[in-house]
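These notes are about the structure you will find just below.
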Amino acid sequence: MKLVYKCIGKNMVVKFIGEIDHHQSKTVREEIDSVIYNDNIKNIIFDFSNVDFMDSSGIGMILGRYKKVEDKDGKIFLVNVRGNLDDIFKISGLYSVAQKYNTVSEALEVV
Amino acid sequence: MKLVYKCIGKNMVVKFIGEIDHHQSKTVREEIDSVIYNDNIKNIIFDFSNVDFMDSSGIGMILGRYKKVEDKDGKIFLVNVRGNLDDIFKISGLYSVAQKYNTVSEALEVV
Amino acid sequence: MDNINFDNYMHLEFLNKSENESFARATVGAFVAQLDPTVSAITEIKTAVSEAVTNAVIYAYESKIDYIYISCGIVGRDVYINVEDKGIGIPDIEQALEPAYTTKPESERAGMGFTIMQSFMDELTVESKTGVGTIVKMMKSIEE
Amino acid sequence: MDNINFDNYMHLEFLNKSENESFARATVGAFVAQLDPTVSAITEIKTAVSEAVTNAVIYAYESKIDYIYISCGIVGRDVYINVEDKGIGIPDIEQALEPAYTTKPESERAGMGFTIMQSFMDELTVESKTGVGTIVKMMKSIEE
């Protein structure tokens, strides 16, 4: 699993490539957190278009980042969420703290 | 594994799609043999462009068809043979009874 | 898992390393593929297996290296999957099954593992004994 | 397989059905993937496993339903694979290893299984006892 990101002002767009599970999420969260800290990121847009697999470790990882930006009124956006991931987000109640948009640009319009 | 074929006169072009192993080769050989018999096939061109995997069961299957057309001076042609398959054909000495060509049309020119 | 009546059956053992989480779900996925399920059904099974295996990796043996066991039996279009460890066990199974309950919030566990297993599989039973181990038994019927 | 010194280890058991041949090689392939081998190295390992498993399916138990066992251990960049059955055994191992030797020419076996295992793996040893079973032990070093 690889992670590609770009920062646009206080917004970070994170694109995952591969599988998000417990094994992978350890390194991923460290990578994201250092950017949040160094670039003073407020909002995070997670792009799932290239995620082949995700389990509840992904939920923990997203919630963990939400807690990092919550204090500064930051928001979490989820884009390109396909069938199975949408089920997992619904089951786990993630949409009560994160918003789903179709594309990265749609999410960037509302941040 | 699927099998697509077309007959051009006494020549049969067989294209394999998927994996050729012991489990798959049982049905494959019956399908080919019924065409050899019904259409009085002499030469067979095996096209490996869509083979994802093959083991020595494939060698047995090819040699078996060779024996069916050998009596009527029929020939076996192997086309689109990639790395690992080429190794298996070399190791097993298959090129002493079958000829390798790059494409189906090249093989059809010499039959 | 009593395998006498299964049309097909496999058993897998592997070390409780986190890199084996993807291996474990891929193996079950490859075994179940013989029923030619939809991509969605395969993904649900792989997700449920990933949850159960991840729990065994994280909770069962603490820092000890030990084995995780998966059995998978197919009868008709029903897939039975057991994920087992011989670890510390779950003291209160009912509580563990509650959504958002986790004993490792500090490791960013969401407590949604069992909830996802229940949603994606048709049946789920958890057998566990403190100091003896845990067996997660799951079943899913694959549509034609 | 003595697993005490392996960095990672798995053991797989499955019924001797021909539909499990693809499952078995896929499983070993998925396990070895952690070393990030070339496509060519993975294909060679999968081919060797397919040969050994196919032999166990065809020869070991005649028409009886029984188990085939695979162990796979990784140490450094060396992959050790054992394929085992508790079947009829091989009376003359040296003869069995000869290219083109097969006891089932009528089933279109080419007698090239062991030859391909030897070519694609770095080491091959066959242990067999009539009426007890057969173990094919293979090793391949994966280049960085």
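Here the chain labels run A, B, C and D in written order, and each chain numbers its own residues starting at 1.
Simple rule for what comes next: a contact is a pair of C-beta atoms (placed from the backbone, for glycine too) under 8 Å apart; a residue touches a chain by one contact, two chains touch by 3 or more.
These numbers were taken from a predicted model, which means no experiment stands behind them.
Asker: Just to be sure I understand the contacts, which chains border both chain C and chain A?
Answerer: Common contact partners of chain A and chain C, which must touch each of the two, are absent.
Asker: Work out the mean Cα position per chain and let me know which chain is farthest from chain D.
Answerer: A
Asker: Between chain B and chain D, what is the separation of their C-alpha centroids in Å?
Answerer: A distance of 26 Å separates the two centres.
Asker: Taking the mean of the C-alpha atoms as each chain's centre, how many Å separate chain C from chain D?
Answerer: Once rounded, the distance between the two centres reads 27 Å.
Asker: What's the distance between the Cα centroids of chain A and chain B, rounded to whole Å?
Answerer: That pair's centroid distance is 50 Å.
Asker: On a C-alpha centroid basis, what's the spacing between chain A and chain D, in Å?
Answerer: Taking the mean C-alpha position of each chain, the two centres sit 43 Å apart.
Asker: Please output the residue numbers of chain D that touch at least 2 other chains, ranges allowed.
Answerer: Residues 19, 22.
Asker: Identify all positions of chain B at which a residue touches two or more other chains, and write them in rising order.
Answerer: In chain B, no residue touches at least two other chains, as defined above.
Asker: Chain pairs in touch?
Answerer: All chain pairs meeting the touch criterion are A-C, B-D, C-D.
Asker: For the complex, which residues does chain C have touching chain D?
Answerer: Result: residues 8-15, 17, 19-20, 22-23, 26-27, 30-31, 33-34 of chain C touch chain D.
Asker: Given the complex with chain B, which residues does chain D contribute to the contact?
Answerer: 18-19, 21-22, 25, 40, 43-44, 46-47, 50-51, 54, 57-58, 99-100, 107-110, 112-113, 115-116, 119-120
Asker: Residue numbers of chain A touching chain C in their complex, please.
Answerer: Residue positions touching the partner: 19, 21-23, 25-26, 29, 53-57, 59-61, 63-64, 83-84, 87-88, 91-93.
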